[in-house]
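Input: structures, listed below.
Next come two complexes built around chain A: one with chain B, the other with chain C.
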Partner chain A sequence: MYNALPPWTALAPALLLGLTGLALLLVDTIRPRSRSNTSMAVVGALGALASLAVTVWFVAAGTGSADTGGGITLFADAITVDTLSLFFTAIFASVTSLVVVAAHDYFHDHENPAAFYSLTLFAATGMALLAVANSLAVVFVALEMVSLPSYALVAFLKTNRGSVEAGLKYFLVGALSSAVFLFGISLVYAVTGSLIFAEVAAGIGSLGDLAGIAGIGIVMIVGGVAFKTASVPFHFWAPEAYEGAPAPVSAFLSSASKAAGFVVAFRVFTEAFPLGASVSAEINWVLAFGVLAAVTMTLGNFAAAVQEEVKRMLAYSSIGHAGYALIGLAALSAGGSGNGAVMGAAMAHLFVYGFMNTGAFLFVAMAERWGVGRTFEEYGGLARRAPVACTAMAVFMFSLAGLPPFAGFFSKYFLFMGAIDNGFIWLAALGAVNSVISLYYYSRVVKAMFLDDPTTPSALDTIDARPTALYAAVVFAAVATVLLLPGFGPVIETAEAAASALF
Partner chain B sequence: MILEALIAFTFLAALVVLLAPDAWAGRLAFALSAVPFAGSLYAWSQFDGAGNALTGGTIAFESQFEWIEVGGRSVSWFVGLDGISLPLVVLTTFLVPLAIVSAWTPIDTRQSQFYGLMLFMEANLLGVFTALDFFLWFVFWEAVLVPMYFLIGVWGGPRRKYAAIKFFVYTNAASLLMFIGFMSLVFALGDSVSSFALPEITAAIANGGLGEWFGIAPGTVALGAFLAMFAGFAVKVPVVPVHTWLPDAHVEAPTPVSVLLAGVLLKMGTYALLRYNFTMLPNQASALAIPIAAIAVISVIYGAMLALAQKDLKRIVAYSSVSSMGYVILGLVVFTEYGVGGATFQMVAHGLISGLMFMAVGVVYNATHTRMVGDMAGMADRMPITVGILVAGAFGYMGLPLMAGFAGEFFIFVGAFGAPSLPYAPAFTALAMFGIVIVAGYLLSAMQKTLFGPFRLETDYEVGRAPVHDVAPLAVLLAAIIVLGVAPDVFFEMIRDAAIPVVEGVSADV
Partner chain C sequence: MVNAFAYVPAVVLLPFVSFLVALGAGRYLPKGGAFGGIAATAGSFLLSVWVAATVAGGRAYNETVYTWAGGDQFELTFGLLVDPLSALMLVIVTLVALLVHVFSLGYMNDEGETGLPRYYAGLGLFTASMLGFVVADNLLMAFMFFELVGLCSYLLIGFHFREPGPPSAAKKAFLVTRFGDYFFLVGVVAVFATFGTAAFAGDGSFPALAEAALEGSADVWTPGGLELGTWLTVVGLLVLGGVVGKSAQFPLHTWLPDAMEGPTPVSALIHAATMVAAGVYLVARMYGFYALTPTTLGVIAFIGGFTALFAATMGVVKDELKQVLAYSTISQYGYMMLALGAGGYVAAVFHLTTHAFFKALLFLGAGSVIIAMHHNEDMWDMGGLKSKLPVTYYTFLAGSLALAGIFPFAGFWSKDEVLYEALVHGLNDPLLLGGYLMGLLAVPVTAFYTFRMVFLTFHGDPRTETARDPEPVRWNVKGPLMVLGTLAVGTGLINMVPVQKVFGLEGIDYLHRWLDNEWGGIAGLSSHHYADIGPYSSGYLVGGETGTVLVGAAVSLGLALAGLGLAWRFYNVASPTEHTAALGGIKDVLYNNYYLDELQVWIAYRTADIAGGADTFDQGIIDGVVNGISSVSLAGGGRIRRIQTGVVSEYAAMLTLGLIALLVVLGVGGGWFL
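Moving on to the complex of A and B:
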């Protein structure tokens, strides 16, 4: 089917996202008075859904998969469209549509919501480009294309001090890590003479005396990845940014933006710095990622356990989940038979995470919209007023904790089993222990909502509005989280096929 | 397809009841829950299983569809029944409608959610007893915990939050331990299994498929897996010393939830012990027979002594469950036809009797609003029928012949006394039998103080006869207990048929 279309159409998902963003910006510029929040949100959501539909169609048709002749490369090898990129684009597009739908109600009284929709779609376009990047230059440009709208989005409530402060912190850490990342790229370019992944890989195989410089460059690139995925040691912006940002933005950053960091990491470290060549040049990035994964998941979970505010807890839990997903890189071994399985499991985890984590942050968005407060105590008794939304939140919490009736169980299970099969039993054990710890703080939310009483008898009276679109987004994410349990087969199989093609 | 229909219908019924108005959610839930009961009776009438489902017997209503295939092992939707699981399925579908009726009086807030969760739990319980694939089974097993957590935590007594969280933490930690134990077995089996289907794994272990795993010898892996799984399931059963969540959960849970907790949820633990520990790893079980039998006897005696010391009627029944579950463990570990069969029979019998006891105490509580032994006396004057059934149930607990409890305990003692594989079997059996004396002691004394003598009540409530819909489920349960006591063969025949291969599993190898 794809043969009938010109090759550039393989970029259709990214193009659809970008064109929708441009269209929204255009309408907003031409007719700033008569735009309506609802029509903007509908157009934005339709654009993201169209992108999702095309992505799913491409996956089903086998575009760029190993069965149909491998990745489709464009622009002198700078871009490659394969199953891996389509898989991640599906995550970006579904998170974007959820966030855009939810934002309709969240920004119902904002003076200029149109900017939100176009910025979100531009960031999503950047993510879709990251997923197809096949050259370090494209990676950097796309990374900036994700980051710049994100800074603006975090500071979107410009009259809110918390939001502006978060935006500034995010911008400073982001600028620093971009510089580090770029310097890393230039060092790698200096020793390998190319930016195209395949040529970099060839250069890594014959480094000679320059191995040290390449090593420093790779460590710097690891730093850039750590920033984007909110992993240790560049994680500390995440709690501030997620807490201060409007909750739909937090949802977008912690789900989609994190996944975007991982698609870069997965592709760059398998394609540009293949494990065998790197290890023989004494650049053992697997060990680096192993340490990062262990520290990230432990730090994220322990910090989440002591939070008093739900949104901040979710921010730290998202650091913890970055640690789990890093297992996809940390549990690789040169020539290991289970490499595709463990990386595919990490991808499937990010896919499920895209729904359960977005849903959880959108529930926080709903709580902010209602004005019920931010702490665990202030969530007390919420289920009496909003049973459906609270049930959805309970689904997200249990799924994030990895309890079996929900999709989060399978994705974690396959991840840990993949690690064990590849000989990294210590990572799997640490992950399991962290999962147990996480049950404590996730169940606190459920306990507050369902078992506790409201802080004051009138505390729940602020729940007067029924934000339909927010409700729809939250419930849809919950249904997806449940249905991904029976429907996990296609997800994990696609992910493993996509990951196996990298090795 | 009848099992799929049963489970799917119950899930749908839960959804319908969740969305129904509170005013008639209870009636609707009862009407809908009658359908799975009818379905399980139909399944019973069409039952054509033979032998044990895990050891190559004929599985009734077997159906299998592949779900996920990853890393060379497939996970499938695989359900079926044998002589061990069918009685438990019937028990579940029988108890749930009765528990729902018993909830009509005490549950007066958020009814649609309450009944919806009850049905949701029933659907998952049916899944636990029918699933023959480890993953499918584990999903159902864990999914039972979530509704239970809410049922205790939302509708429970004053300390409900503590009890709900304790229950949740204990059982989840136990599940993790068990999960790790089982997975280490699967890893050690390596390429000799291609799925998580329990019959295939059982066969592979029996054929010596266990290999080295991370340099650990196969025997050690099997022993470690046995211990991890035993510890995990022991929490669920529960046995001393991991029983402490049970009295809290029972006392705080509302009556209908206690009925299902004691009647069915505890059986999940013993059922899983039988399936995993005693059928899959019979040699490890037999090698550890003495410590396990000691745990069983300690549970019997210590549980009964704890019951003796309680003042709260519900606590008394709760601790006596610990005691009764000890008999089940003893029956399993002796590896005789009557021991294993009797243990399975005792699961059903205890499900009915403890359900009856909790329900009867609940009916008394509905009227008096107290469960303390010292707060009331002479209840027989005011509630003659309820008290009559309560006394009958208590005698069933003590093992009065012609009631189900007698049959179960008798089978276990017969099987245990001359057990060839358990050293000092007569001594263990005699000690366990002594538990019955203590049971009689505390039940008779509690009844003497609360039910008989001149009427006296410390709380300020007008006590009259209980409504018909409170008493009817008690009468139905009592009738079922007597039927099973008079004619145990209605279940015992098929149970024995499925138990014999378990017993042969050990004697063939030792």
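Moving on to the complex of A and C:
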């Protein structure tokens, strides 16, 4: 089936996302009167779901998988479609559809919600393009294609001071990071003479005296990746942006955008800077990621433990999770037999994280929609008024903490086991300690919702709205989080196959 | 032909269904769900008989039904093992459970008890748990049902939970047996760690592996280079912990007399066929393992012999009918342990069988007396019930004669074989001989307290108004008594070894042949095999085998008759009086059960002291570390929070510094700047 279609159709998931965004923009521009929040949301969600459906179909059919002849390359090798890209596209499309559905209720009284849907879909298109990039130039363009709509999305509540401030901070840090990233690319190009991954890899193998230049370039590229994944020391924007942005945008950024950073990292550092050649040129980027992973997960979890606001706690927890996922790069060893397993486990973790973290932020969106406060105390007694949503939130929290019987347990377990099998016991141990700390602040939310009393007897009276679409998105994410436990087998197998194909 | 083994799960599930029915719908059913329980146990009984007949037809069954956890090292499974031993036990358990259910109609329903659905639910679950234990094909499954049996006994002993005594007795039974079960659980883990399997039967079973390992043809794990024989002894003793708790052996017997607080039919079930029997059955079930460790066998035999004598002496001074029976139970299970320890596998099973019937009979008889006496259990308030309750009297007498070991009642044959096995094997083994002598000494004591009980209850003149005009009992009490009375008289016929040996009549030792897989069974689970791998050799007194049989039987019968005669002289008079004063200071010791309860309480408090030390350690050091970590992480978090100032230019500075730090670390490490 895969070879019955012309090769360019392999880009269908990205194209579907992009075309949906364009269609929304078109309608919004030429017939502004006929737009309605509902129809826009429906079209956006359908576009994302169609992209997801095509992606799943491609994965099932084996498009670009190692079994069917490897990745499909297009446009003079600038783009390659393989299982890795499809796996991440599935994450992007799932998160996008959840966010779009939830946004329908969140922006119910916004004067121009249409822009939100097209911006979200454009950012998703950029992510899908990042997943298939096979050249540093495409990587940079796609990265900007993700970033620019994201800045606008964070500042989407134009009249809200926090939202605008967050957008500006995000933009400034992002501009700096992009500059660092681009400089790194130029250094690598200077040394290797190419931007195509395979040719860069060949150049890395014969650096000679230029190893130092290449090393500086690679570390700068690490910095660019760290910005997108919200890892230390490029994480400063994340707490501010996630807190100030509308909650659906926070969900989108912390789940999909972070995963987009990881797909770049996974591909660039395995294809363009292969481990063996890099290490023999004394460019030990594994160590760099090891340091980043350790610092990121520790900082994220420690900071999350002292937050007063749930949304900010989730922002730091998402930094902590970036640290866990970095283990997928930090626990590699040249020629190690478990490389595919640990990177695949990191991918599976990001997949599960896409549902549980999006769901958690969407619950915050629901709380904002209701008008209850932002702090832990103000979540007190919520379960009495909204038992279903609070149960879903409890599922997200326990799954994020990595407790059985939720999907987050398995993904973390495989990740830490992969690290141990590859000889990185210290990373796994640090991850386990951090998970214990995370249980503290995650259970604070559950305790507040189920055990505590409302701050005032009338505090919960504002909960009168029943945002159907938000509810649907939250409950769907919760069901997915639970169902991914029995369904974890196919996910981890696909992820490990995709990751193994890179080595 | 339809395969009976396909219905083995039904044997277990029928009482379980009756439990569910009684629990869920008992209050809407007539008699509080009693008929459901009777139907279920009757069905189980018929199926068990069929299963036993199939085993007699030369077949056996050993299958894994369900694997609930699999792994690289071992699998955890549920399975069924039906061989001659478990088939026999199935019949005993279902029969006694059926009779207890019928009797309960008279004891509970007719007496107007409340909470009957709960009662019948408990009985159903109790029976189901015991049956599941009996057919378990591996040690872990056995352990799980063993615990269920313990739970049910807790629920049923504490049935009258509004009175002060029963809840306390239930707790005590639960905690004391749980103490033994801790060792059992560690033993189960040790078996898994050592052999990688806990199966009872088959080539890959743990007894078979242990045997192979001792011969040097298999390799098993032992901790820290411990010698294999020593380690197997340790494992055997660990599992034995559970047995000592459940079968109420010294020093964990103290729960059993208190357990008399439960309704009398429950006592019958606990003592005759379920909970207490479970311990001894477990040793018999894994006898192929115990037979390999002579030290464990010696310990079992000595504990058994000691318990037999020790409990019998306490039974002498009790005033309450059920208390006497309670101590007799402890004592009789001591005999079974003595037999198992002495290599008398068949003798132990034989005594388990006969005891199940005559002890169920005695408890139900006592229940009948208690109904008649309006729930007064003090024997000094009875007397002269013989003429008022003839059915109860004659069946109770049959049970008592069996318990006292008087020829030709069932107990005579089984007790005689127990003592014979201990004697012939003990002539070469001083520890075993000690056990034998204590068992022998217990014989006259047993006969004495048994008939003291009979005479005080049924003979002489009525000593109270109630005894003069007792309440009559109905068919549902008399029926079970008559069935059990017949069995108490006749069960000895299944294994007339002395007759065979003396008169040379071959083939009347049916139980020996049954357990030796003569009709069918599973290789490696036969009495012959156990004798082959066991450590004992036989020695004989004067006159070789026949002479020893005759001497042994004559001595034990003579002692029993002496005890009976003494009881006759003291208590078979119109107005008996207490003779305990003659015992002097020993009386108080016996009344207070050798102060063992006090000793256990004292130990418990000393344990609490040690636990206090552990608590200090936990609070101070463990919690201190945990609290320290949490305050460190919270303080660290607070600092990190302060880094996040909100000023973008500071972010940019820190970001750049961080990148430069990373560059320097990698650059210096990689030698880029050279």
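Here is the rule we go by: the second predicted complex is superposed on the first by the 503 of 503 C-alpha atoms of A that agree within 3 Å, B and C clash if a C-alpha of one lies under 4 Å from a C-alpha of the other, contacts with A are read in each partner's own complex, and residues count from 1 in each chain.
In the analysis below, a residue touches a chain if its C-beta (ideal position, glycine included) is under 8 Å from a C-beta of that chain, and two chains touch if they have at least 3 such contacts.
What you see is a predicted model; the values in this text were computed from it and never measured.
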Could you classify chain B and chain C on chain A, in the superposed arrangement, as clash or fit? clash
Which of the two partners, first being chain B and second being chain C, lies in contact with A:219: first, second, both, or neither? second
Mind working out whether A:299 is in touch with chain B, chain C, both or neither, as first, second, both or neither? second
By the touch definition at the top of the document, which applies to A:239: first (chain B), second (chain C), both, or neither? second
Dominant contact partner of chain A by residue count, chain C or chain B: C
Classify the contacts of A:42 with the two partner chains as first (chain B alone), second (chain C alone), both, or neither. neither
Looking at A:148 after the superposition, I want to know if it touches chain B, chain C, both of them or none. Which is it: first, second, both, neither? neither
Quick one: classify A:479 as touching chain B (first), chain C (second), both or neither. neither
Now for A:414: first (chain B), second (chain C), both, or neither, which partner does it touch? first
Chain C collision site on chain B, chosen from 5-13, 401-409 or 455-463, when both complexes are overlaid on chain A: 401-409
List the residues on chain A that touch chain C in their complex, please. 168-169, 172-173, 176-177, 180, 211-212, 215-216, 219-220, 222-223, 232-234, 236-237, 239-240, 282-285, 287-288, 291-292, 299, 301-307, 437, 440
Where on chain B does chain A make contact in their complex? 67-71, 110, 113, 138-139, 141-143, 145-146, 150, 153-154, 160-161, 164-165, 168, 172-173, 176, 180, 183, 187, 214
Taking the touch rule as given, give the residues of chain C at its contact with chain A in the complex, in rising order. 630, 633-634, 636-638, 640-641, 644, 646, 648, 651-652, 654-659, 662-663, 665-667, 669-674
Residue numbers on chain A that touch chain B, as the complex places them: 338, 341, 384, 387, 394, 398, 403-405, 409-410, 414, 417-418, 420-421, 425, 432, 436, 439, 443, 447, 450-452, 485-486, 488-489, 492-493, 496
